[in-house]
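Below are two complexes that have chain A in common, paired first with chain B and then with chain C.
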Partner chain A sequence: MSVTAVDPAPAGGGLSRWRNHPKFELWLAFWTMIVFYNFFFILFFAYTRVQPPPEPAWAIPRVLEWFTSHRFNLLSGFAIVFLVTGLTGAANALIAYSMRRMSVSPAFAHAYLVIYALSAVPGMLLTCIAITVAAMRPERDPQVIAWLYDFAFMAFDGTMGVFLIGSLVWMVAILLDKNRVFPKWFAYLNLCNALTEVVVAPAWMFTEGVFAWDGAITWWIDVAVFMIYTTVFITLLRNMIIREDFSDGPLPD
Partner chain B sequence: MTRTDGETILLWTLPALGLIWLSAFLLFPGFVHPMSPTMSADEVAAFYRDPENLPRIRFSMILFNWFCVAFIPIIAMMALQVRRMGHRTPILSYCIICCAAGGPTLFLIADLFWLLAAFRPDRDPELIMLFNDLAWVTFTTQVGYLIAQSLFLAAAIYLDRQAEPVFGRWVAHFNLLVAVALVPAAFASLTLEGAFAWDGLLSFWVKNIAIGLWIVVMGWVMAKTVLRQHRAEAAVA
Partner chain C sequence: MALAAHPTHPQPRVPGQPDMWFFILFEAFLFTSYFIVYMVCRVQDPATFLQSQQLLSLPIGVFNTLILLVSSWSMARCVQASRDHHYPAALNGAYLTIAFGLCFAALKVLEWTLEFDKGIGITTNEYFSFYFFLTGMHFLHLLIGFIFLGIVVAQLRRGHQRSQTLVETSATYWHMVDFLWINIFALLYVVR
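Presenting the complex of A and B:
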């Protein structure tokens, strides 16, 4: 982390030194975001193995077997997801702040903040809740477990509008911005991310093939774009914080 | 001098809300002795079919449905107080706004599941148990936004670099304590019995008492702070 500490504070202990670092709030939000994404990728891809997703075409006995064989990891992994969900607030706040630095109306930042604040409820938490409820009682009616299975994966893939509109709001702000907070090409990467939400729509109509929720187009292309998008925006937000020049001037009112 | 900006009115909604929430909590027959996750589907169905319980379930959950989001105006005022702190960016107040809707939204979803379970109690007991499980799991495990809200608020208070900070340092310590008290509830689905189960000491009593205490203490802190600011502004005017 290339932070050059301009410490305006009278020399104190280590605690007051970091507390008085002019960019502390920005780095706090940044590292909270990093912590959240690490939890997210490790828990969804490695620990619970819900990503890449199991297949929508499975017969009910295979679905039951999947829940039984993954039971402990699903329940404990999603418990940790429930603990850390709120940390997404830091990522949303930092991105909204990036828009406040742009030469656009504050409405863009506020719109993004609200849209992404609500996105986690249908897009992530309902998935985890449905899987948790299915996994906690393996003896439940198989039909009901199968319904929870569909509910979980379609809430995850099929919550589209919040990410679609949210990415477009960020895109338009970047295109209009005259302060060059982000390079213009990143606006088009936002468009790519928005389009993945269009590409995923057929998952509501197909239970097998490339358009199903685990399909080569619907899942693999979308995840590739999402990974690139996330890596790029984390890097660009880091650059933004490094460039930010508060110096050691007075605090704003 | 009386102010017309409405903050005093918003503050006075809090004691009324506290009373409504407490009544709804006591009215719901599944809270005072929290329903056990070990109940069978037939026992759960019998709970909803009981003519003593059914109207109390419906009325308490309708009350919660009406009023569970009513704390958001107070949190909005809290975000404004964070904005007044000696920070260089609005980031921490944005963080609090991000968390403000999360808790009530998830409680509303749990509330809908309870109402659905009570809507047609003659339904297949398996489905009544499904709605009951969805309600209890959502209600109990969704502590993430409340934890983050307390952590962000504590961070904001620690970073308030003013000679006269908006909130005292103890408010930050209190929020950290509440955040810790909420942690066990996230793990409630791992067991059907014991302190971590959804009717257990940690996941039900410690969690809900911590939330109640947080509302009372933060309501009082907010009231004190806002009234102090009003007096200071009146003195200048």
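Presenting the complex of A and C:
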């Protein structure tokens, strides 16, 4: 028996039509995730310019100069980050939903949710807090500001490993799934992503070169993989919503 | 007869899941990017790289390469035997591959230990940073390879529901571990 995707056009108009759409919540979560990633990339890469990260080998006067010259953007940019960080919940929930749609145990979805909810603290928020604290009072002891500088960037770039197990949980769920929610090659892409999280580890030992927190291997190549991974999973989540038929069996093509 | 005039040919396919080949392609691109960064750094400081390279044990490197090559051969025999439904022979091939893999791992750990004893570490210089990084990443792939070898053994030991696709997918992964090592060995130990 063939199963067709449920995507009817509900009666009514305007908001009512949207609200009664059977996939309204899923699309809401999807577009919330898109909004979050737009905020993330614009604020971290373009507005505050904390990514690509400045050099770890800088002497204290250069670090102070960086905080002074970026002060307004750092404070206002991270104020917005603090406001929108909660949007990651929608992205995590949608990914957890994908695992609930699989034929595997709900334990996978729950494990992923817990891991990613906790990972946002060292992976993003600690950086924002440390940089905001350092930028808030430029007259503070230079040693303390330099300490906050190291703390902020090591928290962001050096703790990628906390995402490793989450990627592996998603990978195993996809490999075991019989509902064809995602293609198996995406499971292996999760493994690639997990392995690049390990690559960041040398950043704890180097202040310059390709293995430092701004290095060609630990940052540039890793970010290229992360960009590919993020683009792929957003596309696959979109396809999953389009294919969703709200049954328990395999997702239709 | 139309059928006789146009005999049906089996659809050409890659061994195992095509998805695993996607993974291998992606990993190959990733390691190629590491190798390019290595070569760029080497060009900037060839003297240090050459002097440091001479501190490595070439005999251990060669022996380890041979071990991995033989492990790929035993894996290929395992797959062939499994295709021919000779499952005891296939299991022997899988066990042999595991044994060779363990030998490689033990020898690699021994080599690292000897280097640590000489006072060489990941922060000694840029060459050794690459050396420990690349061999460490390869070691991680090797450890994951043991999971795939475990899947091969589990499949071959099953009664009637063996998956030849899973056996070949796992074998493909193991060959990738070998392929990566040959590149790393050539780059770190041999290229002058």
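Here is the rule we go by: the second predicted complex is superposed on the first by the 231 of 253 C-alpha atoms of A that agree within 3 Å, B and C clash if a C-alpha of one lies under 4 Å from a C-alpha of the other, contacts with A are read in each partner's own complex, and residues count from 1 in each chain.
One rule holds for everything that comes next: a residue touches a chain if its C-beta (ideal position, glycine included) is under 8 Å from a C-beta of that chain, and two chains touch if they have at least 3 such contacts.
None of the values given here were measured: they were computed from a predicted structure.
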item: Partners on chain A (chain B, chain C) - clash or fit; value: fit
item: First (chain B), second (chain C), both or neither touched by A:49; value: neither
item: Superposed model, angle subtended at chain A by chain C and chain B (C-alpha, nearest 10 degrees); value: 140
item: Superposition-derived comparison: chain B or chain C, residues of chain A touched; value: B
item: Partner chain in contact with A:188 - chain B first, chain C second, else both or neither; value: second
item: First (chain B), second (chain C), both or neither touched by A:202; value: second
item: Partner chain(s) touched by A:216 [first = chain B, second = chain C, both, neither]; value: second
item: Partner chain(s) touched by A:225 [first = chain B, second = chain C, both, neither]; value: second
item: Chain B versus chain C - smallest C-alpha distance in the overlay, whole Å; value: 29
item: Those residues of chain A which chain B touches in one complex and chain C touches in the other; value: none
item: Contacting residues of chain A [partner chain C, same complex]; value: 183-185, 187-189, 191-192, 195-196, 198-199, 202, 205-206, 209-211, 216-217, 221, 224-225
item: In the complex, chain B residues that touch chain A; value: 37, 86-92, 94-99, 101-102, 105-106, 109, 126-127, 129-130, 133-134, 137-138, 141-149, 151-152, 155, 158-159, 161, 183, 186-190, 192
item: Chain A residues within the chain B interface of the complex; value: 19-20, 22-26, 28-29, 75-76, 78-90, 92-94, 96-97, 100, 113, 116-118, 120-121, 125-126, 129-130, 132-133, 135-137, 140-141, 144, 148, 246, 251-252
item: Chain C - residues contacting chain A, complex; value: 17-20, 22-23, 26-27, 30, 33-34, 37, 41, 122-123, 126, 129, 133, 137, 140-141, 144
